[in-house]
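Below, subunit A partners subunit B and then partners subunit C, in two separate complexes.
Our next item is the complex of A and B:
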């Protein structure tokens, strides 16, 4: 892992009791489960002792079979704030073990073990807390949009004055997560752009195709405005986009990344 | 085991004893980095050890490799729940890098191109436990996997194996590095599941 220098003000070390509180396995109850796309599902989980989470954080899910066999995976959280209801949007991986269970098998009323919130770096906090007026550019590849849902929701909820732009790359229109909500947010100040790699909507002005450096330059806040950039997606997507942003003049220290999958 | 997840039986039932708790075996090699991948030319690369008194020793790419490269076969374990087993690596042992450096320090901060840091107890870098690695799976390390050189400390979670490593600073006290300040465990033993604080 690598990163630009840490800003110590962002972080602190917990004492032992706080550590125990923070890292306990918590039990949540699934209170809502509905299809998000043909391969993904949105889950709302009520966790009575959830301590709240920042926008962009993730959690671990642990599944336990009757004989004690366990499987754990990390998922970004689509919600943030002080509430005890957290939202996940899970894309099913064809050879997966935990995601097929969460997408196909789990039912409302089921209990799940969760660990979190986790991660203190890939997060966005309102300008009222950070006093950082720089615009924010979010760049999502596929299900990498989930932590950004937490961010754009928190941004809207706080009526935050920071300019926000989301570039969302998907294979086809049916793969878009949270379409309705994103459309509403786009009508209320979020600048929202799509790149379709396989199939574009029939009235789309450009043919479908993989994202290019030119498209990125056109859709991303220019380096001259010194945006803070967050990128989340597959390893290949993040490598490509982050590399182009550096070539377009963005500072490495202004770009935060989260990746999934191998190469 | 008091908690059972209704309806879950598990797909990858065979439990490899080489896998620490909470880990799943992968065949590919996932990438986790907090920022963009730096591109570093080995002609410009250098490695610096700084002692607790501030004394520095520098090596160029060729000088460091000339200390003696070893072949290592090891399992690696990422805090994000994947493990890769029996991976072949090549690198220079930290024992050789620190051999002639006088120190009473107990801890080390590894530094990387791009600003990443991670802390490791000194005695866990010595005695054949850690390397500066240049190759994995028979090829030079790809930049996204930390090339041209990364720290290799396979007995700890892999965020301790700093990508793009360019130096070690010997410290009297145990200061937290980058991920350690962002919520990860100060030590990171996968067999004890020391993931977070």
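Our next item is the complex of A and C:
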């Protein structure tokens, strides 16, 4: 009698989401560092034992001072997939303990201690894996756009049929992360909207100002289409937007949030 | 510093569990609401980390770390449900 067919182990592993892979502290080497905006920097880090990550996951960076003092912060990953090179875009917080080092000081060739990939809650996976055809609304406040970069890139790469819309609230045009890439993605199916809170481009139809419930209603996929919504930004921004979405009829269970603190 | 989401616990909890606890569903012992831990309200400004129920505000979990120890309490959670990997 022959043995029952057994799925090859490697096929089985390949179908597992990266979130299921064991996370660990790892050492990465900075291989690229360039300014993203006047206060932010894009870093590409090579991590030889990186197991890959899902779009939207984060990692922790730990810095150790010569006297042994350690500081640790979480950063969203702008890349996803199976490669060993991961990309971060870090905004410098004036009173930060980790971001000033990553934005001002770290150089190509430097090594960083990283813990990841982390978190299976705030992730997007292609419809081929989830069989969820609902449209996806992404809402970013400032540097909260970083996990969405991973998502819109993964969405484009997979030629995924899920309707994707990104609402990006930012202070001024110069603060936009990944402008060129987002513009290209917008030309290829991503619905991209900006809300400028401080200064709008001179030809912009809407005056600059804080995001309003009306603007949100105009730029977000309506509740009647039952979109899955991801919101990432400062705690104040996320609270405001999530509250309005509930008032606009979105289900609390359809909204996932990633607050990064602050006001 | 305002609260963040349960998603931010992923790093600390991965030191303790072989699976991602932020996607596990737990029931609040106070109000009975079930939800993913990733959706909890997490306060990190205290000496430790405190996760609260997003519905009733009751404390679900606390994590305190020193240089060589981690204290974890899940006293506010019951019936944690985890998806088996693979």
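Everything that follows uses one rule, which is that the second predicted complex is superposed on the first by the 239 of 263 C-alpha atoms of A that agree within 3 Å, B and C clash if a C-alpha of one lies under 4 Å from a C-alpha of the other, contacts with A are read in each partner's own complex, and residues count from 1 in each chain.
The rule is short, and it goes like this: a residue touches a chain if its C-beta (ideal position, glycine included) is under 8 Å from a C-beta of that chain, and two chains touch if they have at least 3 such contacts.
Keep in mind the model is a prediction, meaning the values are calculated, not measured.
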Problem - Partner chain(s) touched by A:235 [first = subunit B, second = subunit C, both, neither] - result: both
Practice task
Determine, under the contact definition given at the top, whether A:120 touches first (subunit B), second (subunit C), both, or neither.
Solution key: both
Exercise for the section: Identify the partner contact of A:259: answer first if only subunit B is touched, second if only subunit C is, both if each is, neither if none is. Expected result: both
Practice task
For A:74, decide between first (touching subunit B), second (touching subunit C), both and neither.
Solution key: both
Handout entry: Touched partner set for A:60, first subunit B, second subunit C, both or neither
Key = both
Practice task
Have a look and say if subunit B or subunit C is in touch with more residues of subunit A.
Solution key: B
Exercise for the section: Have a look at where A:27 lands relative to subunit B and subunit C in the superposition and call it first, second, both or neither. Expected result: first
Handout entry: subunit A positions touched by subunit B in one structure and by subunit C in the second
Key = 12-13, 19, 22-23, 60, 72, 74, 115, 118-122, 235, 256-257, 259-263
Exercise for the section: Show which residues of subunit A lie in contact with subunit B when the two form their complex. Expected result: 1-6, 8, 10-14, 19, 22-23, 25, 27, 60, 62-66, 68-74, 97, 100-101, 105-107, 110-113, 115, 118-122, 235, 238-239, 242-243, 245-246, 252-253, 255-257, 259-263
Problem - Residue ranges of subunit B in contact with subunit A within the complex - result: 1, 3-13, 15, 21-22, 24, 26, 28-38, 80-81, 112-117, 142, 144, 146, 159, 162-164, 176, 178-179, 181-183, 195-197
Completion exercise
So, in the complex, the side of subunit A touching subunit C is made of residues 12-13, 16, 19-20, 22-23, 58-60, 72, 74, 115-116, 118-122, 234-236, 256-263
Problem - Residues of subunit C that touch subunit A when the two form their complex - result: 1-8, 10-11, 14, 18-20, 22-23, 36-39, 44, 85-86
